[in-house]
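For reference, chains read A, B, C, D, E and F in written order, and residue numbers begin at 1 within each chain.
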Amino acid sequence: MMTEIDKEYVRTIIKGDKRPDGRGFEEFRNLKIEQGYVKNAEGSAMVTLGKTKILVGVKMSIGEPYPDSPDKGVLMVNAELGPVASPDFESGPPRPQAVELARVVDRGVRESKSINMEKLCIEKGEKVWLVAVDIHILNDYGNLIDAAGIGAIAAILDAKIPGIKEDGTPDIENRKEKLDVTQIPITCTIYKITGKMVLDPDLKEESAVDGRLTVTTIDGSICAMQKGGVCGFTPEEVYKAIDISIKKGNEIRKKYFK
Amino acid sequence: MSEEKLIKNDIRPDGRKLDEMREMEARAGVIDRADGSGYFRLGNTIAVAAVYGPKELHPKHLVDPVKAYVKCRYNMAPFSTSDRIRPGPNRRSTEISKVIKDALSSVIFLKEYPETSIEIFIEILQADASTRCVGLNAASIALADAGIPMKDLVTSCAAGKVEGTMILDVAGIEDCEGEVDLPIAYVPRKNEIYLLQMDGIINKDELKKGIEMAIKGCKVIYEKQKEALKNRYAKKGVDKK
Amino acid sequence: MMTEIDKEYVRTIIKGDKRPDGRGFEEFRNLKIEQGYVKNAEGSAMVTLGKTKILVGVKMSIGEPYPDSPDKGVLMVNAELGPVASPDFESGPPRPQAVELARVVDRGVRESKSINMEKLCIEKGEKVWLVAVDIHILNDYGNLIDAAGIGAIAAILDAKIPGIKEDGTPDIENRKEKLDVTQIPITCTIYKITGKMVLDPDLKEESAVDGRLTVTTIDGSICAMQKGGVCGFTPEEVYKAIDISIKKGNEIRKKYFK
Amino acid sequence: MSEEKLIKNDIRPDGRKLDEMREMEARAGVIDRADGSGYFRLGNTIAVAAVYGPKELHPKHLVDPVKAYVKCRYNMAPFSTSDRIRPGPNRRSTEISKVIKDALSSVIFLKEYPETSIEIFIEILQADASTRCVGLNAASIALADAGIPMKDLVTSCAAGKVEGTMILDVAGIEDCEGEVDLPIAYVPRKNEIYLLQMDGIINKDELKKGIEMAIKGCKVIYEKQKEALKNRYAKKGVDKK
Amino acid sequence: MMTEIDKEYVRTIIKGDKRPDGRGFEEFRNLKIEQGYVKNAEGSAMVTLGKTKILVGVKMSIGEPYPDSPDKGVLMVNAELGPVASPDFESGPPRPQAVELARVVDRGVRESKSINMEKLCIEKGEKVWLVAVDIHILNDYGNLIDAAGIGAIAAILDAKIPGIKEDGTPDIENRKEKLDVTQIPITCTIYKITGKMVLDPDLKEESAVDGRLTVTTIDGSICAMQKGGVCGFTPEEVYKAIDISIKKGNEIRKKYFK
Amino acid sequence: MSEEKLIKNDIRPDGRKLDEMREMEARAGVIDRADGSGYFRLGNTIAVAAVYGPKELHPKHLVDPVKAYVKCRYNMAPFSTSDRIRPGPNRRSTEISKVIKDALSSVIFLKEYPETSIEIFIEILQADASTRCVGLNAASIALADAGIPMKDLVTSCAAGKVEGTMILDVAGIEDCEGEVDLPIAYVPRKNEIYLLQMDGIINKDELKKGIEMAIKGCKVIYEKQKEALKNRYAKKGVDKK
């Protein structure tokens, strides 16, 4: 939807060390997190990042554990980039962009060992809670990855485990304790535009992005990374990106996750 | 099923009267990427809708030289119901998409946009009965917001039969225990029904009563939709200044 | 396949209160029901409605009940609008028209409580009969919905429950009692063409249809309805349509289902 | 497997002789929407086939500038066998569609219709062995009924080996207990085989005997097919009057 | 990829009772079989036939038997004609050519009763070995069928049954005895080009093929046949083809499978 | 997890030193049908890759008027791992195909072939960790073999963290028991990283060490790739004579 002219305009401004909307290079757009948006979900969060809107929901069901971790719950992260959210998205099975988005968010949550999965065992080797985190994009206005990552952990923090009915099915009328969340991974992506590193591009800026490096951090450590796009990062740029992400992660964690 | 009655002295489980709707909320312009968008909430049922178009249509063999092609997708978010829904279309959503598409096609002046497509996407974010009605109400706002010329707004609402009594806007436990569900889509200016589905055993008088109730409900919704659009235009005016 | 000229021709005639083939507005084409057509099916019916031909088959297998109805059999209705039957149909997964057709017929059978599903329980919570009703279109010459609805109930009435072999699989060589069918739902669709209500259009008439209202009835009551197409029905037209359907339903029930 | 022999004194379980076919029935013109259609029944195996075309071909990249493109779908109705078949293609039906397509392509004068497609759809309504043969026989009639020019009618029939004995037109319990199935498609006027599949262990002499039996069967079918087409033309003549 | 000119060139030469590369009509290209190519597979064989390259792998897992053969293992043959191997192949679900290839090879192995399936029963009616034979085409340079058939039996002969771990899953670190293979079926296809019967065409010759007859043989007997392509075979040609296949099968069996 | 340490006195389970790679093998020109092809083996991980193109692109709406369109499919043979993999794409392979495509697109002079497609197909024949790296290395050779102009060869290699120690080229039991996997793709001539994925908890210093190790590994691979191409050209020269 963005034209070549828009793109060139963005690049020219950024080359001059400014951004079209006047933000600093490491400044996010306005971020709003609304937990508990969906009553039928065990946990949910509506995330608004500038004009980008993502609703993340957590649903829990009872199923079998994997054979190699009989005493642990199962986590699944899924993303739908449905046609409601952008003229560029289409109906149909998840395309590579959606798969990558879901898997990057998944790794952030999984590798940070954010959720205590042992607590989700109901009966060793037989029954555990399956935790499905669904990322539902409502308006794609740039930087879906960070909004989705933040939405996922916000929805997980919001989630309460259902009770269990006599017939062995989940009882969502009687949700009880919260998920045991021990780490708060924050996803922060460094985008390169004409050689500069900027955070949280909006739609127009995103059209001018050459490459990106997503870094998911927990306190002081990195738990997942993903490079995307066609431009390269020198090793030094990678290290600088990590510093920025750790700093930004701490900032967001403090401001939104107390 | 419980022995105890759900409806006592004409008062329903959530305290409503027989012909009382849940409270509702309507907004236009909620999805910036879309050419038009709408939000509708009826009690705990929430839908957003986006309209893209009129736009070029692919694949080419679908192009109609005399009128616009309408695409419509009704979709429930996986977490919108008590049991998670697998992403992707299923038989239920395929059918609902079709009946919604038929209803909306009825009011759009399709011949004004030959060779193009008008695409309508409805997302149910939270479901507590009447999702197709709430989705239709949101889509109707979205179409108007996109500036697509229509005969009138389509409004939609359901009646039902619970313990042998006809009631308006079934919800919550009524939806699980009820005998009949009767969603309609109605266009006040034409006094015509564009969507009507019914399942459950009912006689003609009951059905008549249900349709009359639902039409009454549709008229209330119609005002809400218009208000949402008015607010949107007002806001747009302000934005322009 | 029908041209605009065909369509206009039909509309002109119907405006003049006649039909191209001289039938009355509430008159069906010649209807023939041939039960027991398919020996391998538990029940079957070849329905010929004018030139429209539909073969419906019922197959029964043993499976698990739904958790919320552990003592009931399971009904599935499926329709295939395969490319054999019309130049407009294509191979591939069922398209919206086929899904709607199947679901309308399904609701007619299901909501009328036509089949006594409790009698299909073999072992509560464990094993029940699954009843698959497959609607197989052979020639689409108009009004598939009514032909399919009538074919479905005819095939169900024809069906006999298989015996059970020692290894727990169905024994179709030893079919025994019939399905317990307590209601005979009849599907009758009212089509609007240029404001007139007509029944059972043939292929040419169907091309001129503006809208339709399908009403499935059992003795004196309605058990399912479905509006389709783009023209509206006023409430009064709906009520009139119901009267016509009830009358036609009784007529068909009497003539073909004793 | 039962101890008792299926074939006793050269008499088969259903009373037939070793080289005796089941009774059969052939008709042309059974599907009005199609450009040509055919019906073939061999004992309890029933197939109908429709032919559409020559017609415009989509997608364009399949178009062949020098000859017609043949599409062929063999499909079993879900209720045609003792266990219900899930709708949609499976590996077996994909393979059979391909070998039938090859066999029919052999006789059609494809170069007479460049850039078009000829579509052949076969539905097995009731299956008791030899479904591919019966489907081919119906399709052959359908092609002729559609007026597609062919070198000759393709006819198809199977032989088999049961308890070490070669027999014609395997059916019923013979099909479950038999050792070898040998379906062929044959064109009498050319004395050529266009389809041949075999599974099971057999020596060359047995195979030769099987093929000879099957060819004999094909010749009987050929007459039935021609008769069906003759009846069809006669009827068309009557209709015209 | 082959042009009409290539095709005509091949036809002209073959009409003159010669082949473009000078081989005899019943002569195969150079055949190389490398068993044990894939360590993670229970059995494997890399087959090189001229420039045609096919890798076949056998994987075994534990699953349920079919109800009608509770004491037998289960055989599955699958072929992928992936886009790596030819500009004519595409990604996506197997197309008819791949399905036919897999099923012809499958029937050769299955009908010859090559593998003693009773020996693959672990617990009658409950647990048996599932044997998946995957045919992976790496370079399509003509006569895939014969190369695949030979590769399949070579991989099967190479296969060793895994041990079983305490948790009931296969232990591929402790593979033990070989599959019990009692017959060596050899697939040999007779191709007709301008009325002549030739074996093992290369890519260029294959473009000129009118029809083919695949015959799979074991010692002295035939166990599967498949006719393909549009030209016919007279009964006499069929019988001659069988003689050629039996002879060639014996030759290959002696040379490569001791 | 076993009590006993995998790494003892800086010696790894298979006897390698911390920064020692497995032995490797590279070849060009292994798939005759392709316009270019490559083979790469690193220990027990084996990949082949084929490149087709630049060629005409279908469907037309993907055609880019200013540059080539890159298609990339990473696929594991069903028998390449201990548990059989169901044929067809899955979420993992879809993601890997995308990151490999991005990395390779970075170095190809795409603007030299507007409106065409360049198709890269990678097959993992045997997997023992680092399959995406080995696949990338094979693909890089295949692109060069196809004569596609590139800024440089892409080389790829992984580091990892096992028992708190950073090591190069994780394999075998290290892969199962390790804490961190860190594959990168690197272009020596530009000193730039084009693919980088990481999972597991790591601090910045460890990451730095890992990247440095992996770059060292990439430089070794780079030489192997060049050698393979040199051999190929030499052979081609010989073939021509």
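Just so it is clear, a contact is a pair of C-beta atoms (placed from the backbone, for glycine too) under 8 Å apart; a residue touches a chain by one contact, two chains touch by 3 or more.
Predicted model only: the values in this text are computed from it and were never measured.
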Would you identify the chain whose Cα-based centre sits farthest away from the centre of chain A?
-> D
Tell me which chain's centre, taken as the mean of its C-alpha atoms, is farthest from chain C.
-> F
Gap in Å, rounded to a whole number, between the CA centres of chain F and chain B | 51
Between chain C and chain F, what is the gap in Å from one C-alpha centre to the other?
-> 57
Inter-chain centre distance, chain A versus chain E - centres from mean C-alpha coordinates, in Å | 48
Just give me the whole-number Å value for how far the CA centre of chain C lies from that of chain D.
-> 31
Of all the residues in chain F, which ones touch at least 2 other chains?
-> none
Where chain A touches two or more other chains, by residue | 94
Can you name the residues of chain E that touch chain D in the complex?
-> 94, 96-97, 99-100, 102-103, 107, 110-113, 213, 218, 220-235, 238-239, 242-243, 246
Spell out the part of chain D that touches chain E in their complex, as residue ranges.
-> 91-92, 94-95, 97-99, 102, 105-106, 187, 190-204, 207-208, 211-212, 215
Can you list the chain B residues touching chain A in their complex?
-> 30-34, 44, 48-50, 52, 55, 73, 75, 77-84, 87-89, 119, 121-123, 125-128
Within their complex, chain A touches chain B through residues 37-41, 44, 51, 53, 55, 57-59, 61, 78, 80, 82-87, 91, 93-94, 132, 134, 136, 138-141, 172, 203
